[in-house]
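Each of the next two complexes has chain A plus one more chain, namely chain B in the first and chain C in the second.
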Partner chain A sequence: MAALELRAVSKTYRVGDREILAVDDLSLSAGDGEIIGLLGSSGCGKTTTLRAIAGFVQLTAGRIAIDGNDIHNLPPARRGVAMAFEGYALYPPLRIRENIGFSLLRERRPGGEIRRAVREIAALLDIEDILDHYPAFASAGQQQRTSLARALIRRAPLTLLDEPMSQLDPQLRAQVRTRVKEYLAAHRLSAVFVTHDQNEAISLADRIAVMEQGRLQQFGTVGELKNRPNNLFVAGFIGEPPMNLMAAEVEAGGARVKLLGETDNRAAAAVGELRLNGAAPALDAGRAHIGIRPHQVVLADDAPLRGRVISNQWLGDQSHVLVDLGGLRIVVVSAGRVRDLRKGENIGVNFPPDAVIFFSAKDGTALPRAGGHGGE
Partner chain B sequence: MNSPAIMQTVFDKTRIADLLTTAGYALALTAVVLFFLFPIFWVLLMSFQTNADILRTPPSLFFSPTLSNYAAIFAGKMETSTGTQDITFLRNLGNSALLSSLSVLLALALGVPAAYAFARYQFRLGEDIAFTLLSFRFAPPLLVLLPMALYFGQLGLNDSYWSLVWVYQLIVLPLVLWIIRGYFEDINPDIEHAYRLDGNGWGATFLKIAIPLARPGIAAAALLAFIFAWNNFIFALVLASAAKQPVTVGALLFVTGSGIQYGYIAAATVLSVAPILALALFLQRHLVEGLSLGAVKG
Partner chain C sequence: MKLVSVFSPERPWVWLAPLVAVLAVFTLFPFFYNIYLSFHEFNSFRRTLVFVGFDNWKGMFEDAKMWRAFSVTLIYMTVCLSVQFVLGLGLALLINADGRGYHLIRSLLLLPLVVPPAVVGMMFLLMEDSQFGVLSWMLQSLNLIAAGAPLLTSSKTALVGVMLADIWQWTPFMVLIMLAGLHALPKEPFEAALVDGARFRHMLFHLMLPMLRPIIAVALLIRGIDLFRVFDYVFVMTSGGPGIATQTLSFYTWKQSFSFVKWGYAATLSLFSLVFLIVVAHAFIRAAKVRW
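And then the complex of A and B:
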């Protein structure tokens, strides 16, 4: 049974006479014990979605079910949901310890059990030393972990986390991330969290929902998002560095594909031709976009597509080479060190046919391969 | 001149400048305090003088203090050159306390939930209603007084405590509403959300989270509203009979046929200011305490 199911959820805000569509026809479901990441830039609707699940936002349309029961009309208290807030939202007059144990106290659990549970979760999040402080005297990072602890201690059917680690420094963040993931897994807890940091989404989530302008762009594992993006947005959003995207002119049937660059007067000009050996989708002739991940581009001296090196950066474990193909710049990631490539040097690049993804020029959606499978 | 000596001169100069600045501030502050406190001090002195002492020219700080003004007010009898007159001042004082307290309590009972609604929820005509309530403060009371007196007469509402408390809402309700609304808006709504997720309804959340967190604001608004209600003169003058009038109106009694009884007025003023002053001092502690918890904002 799905731990969480959103079906055609929409939320429209009315500001004065204007209507703002914050969430547009969003459907997704999470399995039992699954961790879902809502990823997107600010204003993409991810927080609105999370708050709708918690019950602080009334849906304009759609349904939300937890463990198979519709909950979108229930008050927050009866939804079986725990939440860590981006602004922490700790109870100011209560000590950190009381804040964390508050929900258990309300359930009238025995004192010994509450103390034990608070100690355990505080140890997990490294806030044992401030348990007797008041929130006002804790740092932002400590308050955030307290808020996280207050949500996790409940072991609710569904845990919601809104930017749960935004205030932690990178080292601590990595550590807390691992521990939270272990804790959720150990207790088979389902969770949905919101983040704008794709590294956080990738390391914490089992599946990621990429949102933009209120719409779900793609919902899948990291591998799916990276290798089979649904559309240009996901292709350009996921990955570091993101996918190389370029305009192309396709002959009928996809037999020949010309890459287009920009000349000085911003007119499109062919910079080269791809030979894809029939791997291109059966397209009508015309414009399309193609994409290829930086680490799948191969630098080769004898490749027909030629360009000049603009920069070559060694990051310690990989090289990022920026190549200008004549008004078209692409990034090439090479695992080895490409020390000998200097700025201005002429170099060939090769796009392996399997790695190239086609997108419609009209709406940016990914086009299926002729063979019926995406590039892997 | 060697460099330590230069340093010394520079040091001396900045020291002198600092001293001058400090002295200037002290002088200015003293002037302000004198300006505001002198009338109160003078009234306090007057309350211990007889009318003859007060009206002596030139006025003098040296006089033989007397408690006769206070004694007369508490005894309820005032001696004037034309004879003895009854004083209802203590009753007026009681009326003031009763009217102001009831008005503020009613304003809090109505205004706190309303302020919360205005702060937390968007609803149709919400801003318009809030602004209309505020606009009651713009209109001069005299504008509405005459029609109100006529209507109250027809409705049989003249000369009752409740009708005065009702009319006082014109003064205190907008104040309470707008001050407390600001405090509610400053509270992170997620604190309330967290409490609701912990298994509580919105009613409990309002009572146990929102109100306690807005307490400094509620105290400030209540205090201001109380002072405004206490100081009101015109509504009570027109709408209430002698038996139900507050001190502001009651003080008119000291303007007698045989002259203005400044000594009694001074004593009455001291007595009517005292409760407000006490209340302000008491609530000020609460205000500071609430703010210094430093935790109003999440």
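And then the complex of A and C:
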């Protein structure tokens, strides 16, 4: 029910005489009814961003707007946001039922309506049986669902969720995720949630903002993050297993690429050679990084790149094969069972030219392709 | 016998002896002697204690002055406790912040606690003087009392005058305990309440006070017992006067003992105070669900 816009948002914390830049020049916008996931590792600034939207963090610079109205100077209560806290933040003196209905009571809604709403949301999150308990007597998972229920019941224009399912066990998590997503969609609610779990981000969010060290690395759909990563960080962060990244030396024109080993490799011992038939970006000869998704690498006996199998793991629906190309290890995901591959066996791998993504060796940003397809 | 072998774990009584001796001499003996005294009375002609049975106890329940002192004590305790609690919580909420200068304010606020109560009594005696007392002047300027009205020498206002000293000295103690309690509260539920649109009064009554309940109960208990025993301010400021307007139970007990040399009756009064405090304190502990 609301569009969110963050413009050049920065937040600096002062600890003693040190300044810590928690969020650095972050801009992103979310459409009406969109679910946005803030994804990143601990300390990347995602929670600070969420708390800034909620109104608990005073911005150092920038502005935040909901439906075009600046809200970054308003107190939390007047921003029209609901929030589920990572530490649950339940009200200890109140029963679960009163915790969930607290905001509706503050809005002076009639008792019958509150009771109905509480029952409905409790059924959605499977906590009907503990409604008359106090938070101290509920399990961590129940407390977390109570916190989630307390945020969702408001149907606020913008719902903020901080690690909303971290305490739930995997089966329950998948179930709650689906129900929360359906609930948000049914009531056309916009939401921003914070997570460090990319599976959660992928399954709950319409678009994902990947953050690292206070900076937005990329904001886009899962497909965009996976197939057109903005930089080396996103490439290595998204995907399970993550993208194979390696240092390379590109010939002028980009017809041939020499693989040099791991991305941090300084010793330029060539591992092998790729022929890319002009699919490489228009760049001058020199160092670059290249990446390829594990499931796009093809195992082929007649391929020119040769390596040794280090391990072969069958996961029930796919195989993860770790191949050593002479100092450079890559992971190959094969949907079919590659039963006959044994440890130590010699194997050929093929990088389909379209699947290879180039990154600048200087700053790690993705390089556009000459042909205009693939990378941006 | 070597010293080392005397202080061995096999002889616990050696370790316990000092504590037991102190307890026996200063706590157990006076307590039991008090009980013994309450069934006797000092006869000044024979200069000896005479057994009187339950006469002291019977006499006490028929003693109008005792009941008057008891009710003065209860009024004193209730009013001071209420004012000190409300002021203490209010001030604690005001200075529970991290801004510049708050640390200094918190330190300054504790100064009254280091002044001996008798000195505080003397200070307030002077400040409440109807001729040149600064407090009297302020109250007169605010039209709270008539010009030249004696605060401590009028039976209508004397108790209030004594209470002012107590409140000035002991409110900081409440502030200190409430600050500690507020400091220990988790921040997140209050952030959640802010997002949920709660106003300050909702947070105060639905969250803060219930969450502070254990610490409030302990503070009220400690202060309540202390207030019930009030003696120093009364002794210094009014000596129970005018008449018996500010005569509290402990002051009445002291008077019986040291002015009238009725040791047996004084012992009876002090035992009554003890029993009353134990009963009320236990009822309070049960009602407030204080867990030690």
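Note that the second predicted complex is superposed on the first by the 367 of 376 C-alpha atoms of A that agree within 3 Å, B and C clash if a C-alpha of one lies under 4 Å from a C-alpha of the other, contacts with A are read in each partner's own complex, and residues count from 1 in each chain.
The definition used in the following text is that a contact is a pair of C-beta atoms (placed from the backbone, for glycine too) under 8 Å apart; a residue touches a chain by one contact, two chains touch by 3 or more.
Quick caveat: nothing in here was measured; it's all calculated off a predicted structure.
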Superposed partners chain B and chain C on chain A - clash or fit: clash
Which of chain B and chain C A:Phe102 touches, first, second, both or neither: both
Touching partner for A:Pro75 - first (chain B), second (chain C), both, neither: both
Partner chain in contact with A:Ala235 - chain B first, chain C second, else both or neither: neither
First, second, both or neither for A:Leu168, with chain B first and chain C second: neither
First (chain B), second (chain C), both or neither touched by A:Ala54: both
Contacts of A:Arg150 with chain B and chain C, given as first, second, both or neither: both
Touching partner for A:Tyr91 - first (chain B), second (chain C), both, neither: both
When the two complexes are fitted on chain A, the stretch of chain C hitting chain B, from 7-15, 151-159 or 259-267: 259-267
Shared chain A surface residues [contacts with chain B and with chain C]: 54-56, 75-77, 81-83, 85, 87-93, 102-103, 106-107, 150
Footprint of chain A on chain C - complex, ascending: 186, 188-189, 191-199, 202, 206-207, 210-211
Sites on chain A touched by chain B in the complex: 54-56, 75-77, 79, 81-83, 85-93, 102-103, 106-107, 134-136, 150
Contact footprint of chain A on chain B as seen in their complex: 188, 190-191, 193-202, 209, 212-213, 293-296, 298
Parts of chain A lying in touch with chain C, wherever the complex brings them together: 54-56, 75-77, 81-83, 85, 87-94, 102-103, 106-107, 147, 150, 154
